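For reference, the structures are reproduced in the following blocks.
Look at the two complexes coming up: subunit A is in both, with subunit B in one and subunit C in the other.
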Partner chain A sequence: MTIASVTQLVCFIALSLTLVLGSLGVVLLPNIVYSAFLLAGVFLSVAGLYLLLNASFVAAAQVLVYVGAVNVLILFAIMLVNKKEAMAEIPGLLLRRVLSGAVCLGLFLLILRVDLTTPWAVPGPIPLGDDSTVLIGIHLFSDYLLPFELASVLLLMAMIGAIVLARRDVFSSDVITGEAADQGLIEKERTPLLLESTAGETNLLEKV
Partner chain B sequence: MPATSIDIPLQAYLVLAAILFCTGVWGLINSRNAVRVLMSIELMLNAVNINLMAFSSYIDGQQIRGQVFAIFVITVAAAEAAVGLAILLSLYRNRETVDMERFNLLRW
Partner chain C sequence: MITSWPDLAVVGPGIDLQSSFTSTLEGFGLSQGTAYLLWLPLPMLLVLVAAVIGVLVNVWLERKISAAVQQRIGPEYAGALGVLQPMADGLKLLFKEDVIPNRADGLLFTLGPVLVLVPVILSWLVVPFGQNLLISDVGIGVFLWIALSSIQPIGLLMSGYASNNKYSLLGGLRAAAQSISYEIPLALAVLAVVMMSNSLSTVDIVNQQSGAGILSWNIWRQPVGFLIFWICALAECERLPFDLPEAEEELVAGYQTEYAGMKFALFYLGSYINLVLSALLVAVLYLGGWGFPFPVEWLAAALGQSVDAPLVQVITGSLGIVMTVLKAYLLVFIAILLRWTLPRVRIDQLLDLGWKFLLPIALVNLLVTAALKLAFPAFFGG
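The block that comes next holds the complex of A and B.
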């Protein structure tokens, strides 16, 4: 064994441990802020695995998009909705957890069996290594051009959709008559639409 | 360039991705907090990406179509996270909770 392969093996084991423990922490920890930070650790170790697989461009994209954007977005969402609330007890919660754990374990065993018994066609052709970034660029602008353009349209749609969904419905003018609407009236009159009838809670917006 | 296929078997990556995916499924089913559900979905998408990258490196080393596909998956995951969190905010504004058990308006 050369020193390169030993280093590779050690890196792989360390990254795998971080990945498995981190993902377990994401789903099991009671404090969701810790879960979000552990999720960043999981994303980073996945990026490390990509580096081990000779894919530096995808590793960089993983760090930029997942750690830089998605995780920050999740943290923002946690900060916005993190009201301390006592979740109502659900009967049979433990049974549900055990049952779904058994189902997931069965799924894992199934995938494990497929992974280990299928005769994969390895070793395939020699991996490209550092040229992969160039080849990804060539792919994106030749045979994957249409998906590439569709992805840009999808991102635009997601951006507009997120803005439309997350903004408050305040019209600056009446839709029918075209007169200027009374902003204060709209804000005060607005009540949450789907609150259950038992909820006598005061409207958050009224306090503002 | 060193061929990674000699040192670490392909199956190691596949098993790792399977563990990550099953953890994500369990979290998706059992989370009470809606933000944690979105985090579990991200875990599952990452597991799929690990599979794609491993196959791309070990079996399709000259064409690396798996890497291109992984980039598209990352794009869609980013869009999904943005729209999902916007839906979550809007839901929180209307129901004033993030408890998944109370989002049952359309359940039989």
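The block that comes next holds the complex of A and C.
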């Protein structure tokens, strides 16, 4: 046993323990804020496992995207709307919990079976180390170009949707059908959000 | 994975502090593994000490420069010119009572400042002071710093939430919003530099700027990127004019409101280490890192010395450290001067600046850099 392999083993055990206990905490804890913070810990330990597998770029991307963006946005949403109110009593809570627990256990057994029956190639391919970043880039722009472009179009659609939702001026009638817009969708009633539909209707797409 | 720890303090290929240290210990009859284990913590400890000393210098500079700006004298009696004042500040914070508010969430309240400080210190991993003078020349270099700095807002949100105080919560939310908004133009500015040097590694980025001394520094090829990076770095460090998360007129002290003693000191330390780190990275990315304004190779050749001679290597290595620190502290000086000169922006102005101005400009900068790289590969990295 060299120092490197011992360090690797200790790191693997610690990361796996954090991962398993953290994910259990995310699901089981009653306090949603704790769950969200634990989710950050889970993402971080997954990044650590990537690091152990010599995938440093993937690990850094995992931290940047999942911890830095996704988790922060989840926390943001929770903290902006977190009202401490007693939840209404749900009928048959125990039965629901037992049932969902049974479903999860079944899925877990299925994955365990797949894990045990698959002939894994041990040891795996030789790690590329720092060259992997270059190789990921080459693959993304050659044989994986279509999924890459599709993902970017999807993100563009989400972005345009967010901009449309965030815009404050709403037309009082539907642009396409000409029917009156649903007033219930507009948050503030007192502020004059509705624009009278004049020549502005045709400009909607340009505005967006 | 951890097969070999890249060496700190190796001046050029000639002098290898790690191997000489381990071979000395092996000479005392220790095994190779033990000697290696004894070597491992030394570079990390050295960088930690350097970071803390950097903060002490920073606090002293802040006090002295703010005093000069306001035509006061500043700290005077604690040591010569008040150099011991930051030590007194630190000791005071160390001995203060560690208060956890009654209705606060004790666990998250304690964990918050730690989560703010640890990523900042970890980022020092990739800061080079010379060709081999860094803890680890990881391949993903600056990307590691960008990824690590995105963990910080979680700590801020955590402490804001756990304080059970509306000012703290608002401060934490503001800090997270600000950090997310300015991370994107920051990453795009870094991407333009990375594109020119074909590598994420900080050492490669500096080497790419070392051809013709001051003329080959990235600031001439990336003037817009430099400004974007500097503005975003100030916003990420929550320095004035972007210190909205702790705007005292509006939010008392933001997420720090309920903190006292050592936990407050962790925030304080974190923000100053982050400032020094940002200044160091600006120096690395745009000001030629450890490079001297004219190449030391020319000087050595003019004096008839070989660059590989041990003495010359020690001198160039020390010169590299001095140049890096000098450039970084010049930028810290500008940041302090900005703090005591400019008024604070409003939160809507801050977000407008980030999303509607810096983000499009950073995208255009990236596009122009790519076009110039294709058109003039000799000047913009082939």
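The rule we apply is simple: the second predicted complex is superposed on the first by the 159 of 208 C-alpha atoms of A that agree within 3 Å, B and C clash if a C-alpha of one lies under 4 Å from a C-alpha of the other, contacts with A are read in each partner's own complex, and residues count from 1 in each chain.
In this section, a residue touches a chain if its C-beta (ideal position, glycine included) is under 8 Å from a C-beta of that chain, and two chains touch if they have at least 3 such contacts.
From a predicted model like this one, the values you see are computed outputs, not experimental measurements.
Asks: Using the overlay on subunit A, decide if subunit B and subunit C clash or can fit next to each other.
Replies: The answer is fit.
Asks: Going by the contact rule set out at the top, does A:A40 touch subunit B (first), subunit C (second), both, or neither?
Replies: second
Asks: When the two structures are overlaid on chain A, which partner does A:V27 contact: first (subunit B), second (subunit C), both, or neither?
Replies: It touches subunit B, and subunit C stays clear.
Asks: Determine, under the contact definition given at the top, whether A:Q8 touches first (subunit B), second (subunit C), both, or neither.
Replies: both
Asks: For A:A166, using the defined touch cut-off, is the partner it touches subunit B, subunit C, both, or neither? Pick first, second, both or neither.
Replies: Touch status of A:A166: first partner only.
Asks: Contact-wise, after the overlay, does A:L52 reach subunit B, subunit C, both or neither (first, second, both, neither)?
Replies: Both partners, subunit B and subunit C.
Asks: Is A:V63 touching anything from subunit B or subunit C once the two structures are fitted on A? First, second, both or neither.
Replies: second
Asks: Is subunit A touched at more residues by subunit B or by subunit C?
Replies: On the superposition, B touches more of the residues of subunit A.
Asks: Please provide the least distance in Å between a C-alpha atom of subunit B and a C-alpha atom of subunit C in the combined superposition.
Replies: 6
Asks: For subunit A, give the residues common to its interface with subunit B and its interface with subunit C.
Replies: Common to the two interfaces on subunit A: residues 4, 8, 52-54, 57, 61, 69, 73, 76, 80, 127, 129-130.
Asks: Spell out the residues on subunit C that touch subunit A in their complex, using ranges where they run on.
Replies: Interface residues on subunit C, with respect to subunit A: 1-3, 33, 36-37, 108, 138-140, 143-144, 146-148, 150-151, 153-154, 157-158, 160-161, 169, 172-173, 176-177, 179-180, 183, 200-201.
Asks: In the complex of these two chains, what residues of subunit A are touching subunit C?
Replies: 2-4, 7-8, 33, 37, 40, 44, 51-54, 56-57, 60-61, 63-64, 67-69, 71-73, 75-76, 79-80, 127, 129-131, 133
Asks: Name, in rising order, each residue of subunit B that touches subunit A in their complex.
Replies: Residues of subunit B touching subunit A: 1-16, 18-27, 29-36, 38-40, 42-43, 46, 49-50, 53-54, 56-65, 67-68, 70-72, 74-83, 85-90, 92-99, 101-102, 105.
Asks: Provide the residue numbers of subunit A that touch subunit B in the complex, in ascending order.
Replies: Residues of subunit A touching subunit B: 4-5, 8-9, 12, 16, 19-20, 23-24, 26-27, 32, 35-36, 39, 42-43, 46, 49-50, 52-55, 57-58, 61-62, 65-66, 69-70, 73-74, 76-78, 80-81, 83, 85, 87-88, 90, 96-97, 100-101, 104-105, 107-108, 111-112, 115-116, 120-130, 132, 135-136, 139-140, 144, 147, 151, 154-155, 157-159, 161-163, 165-166, 168, 192-196, 199, 201, 204.
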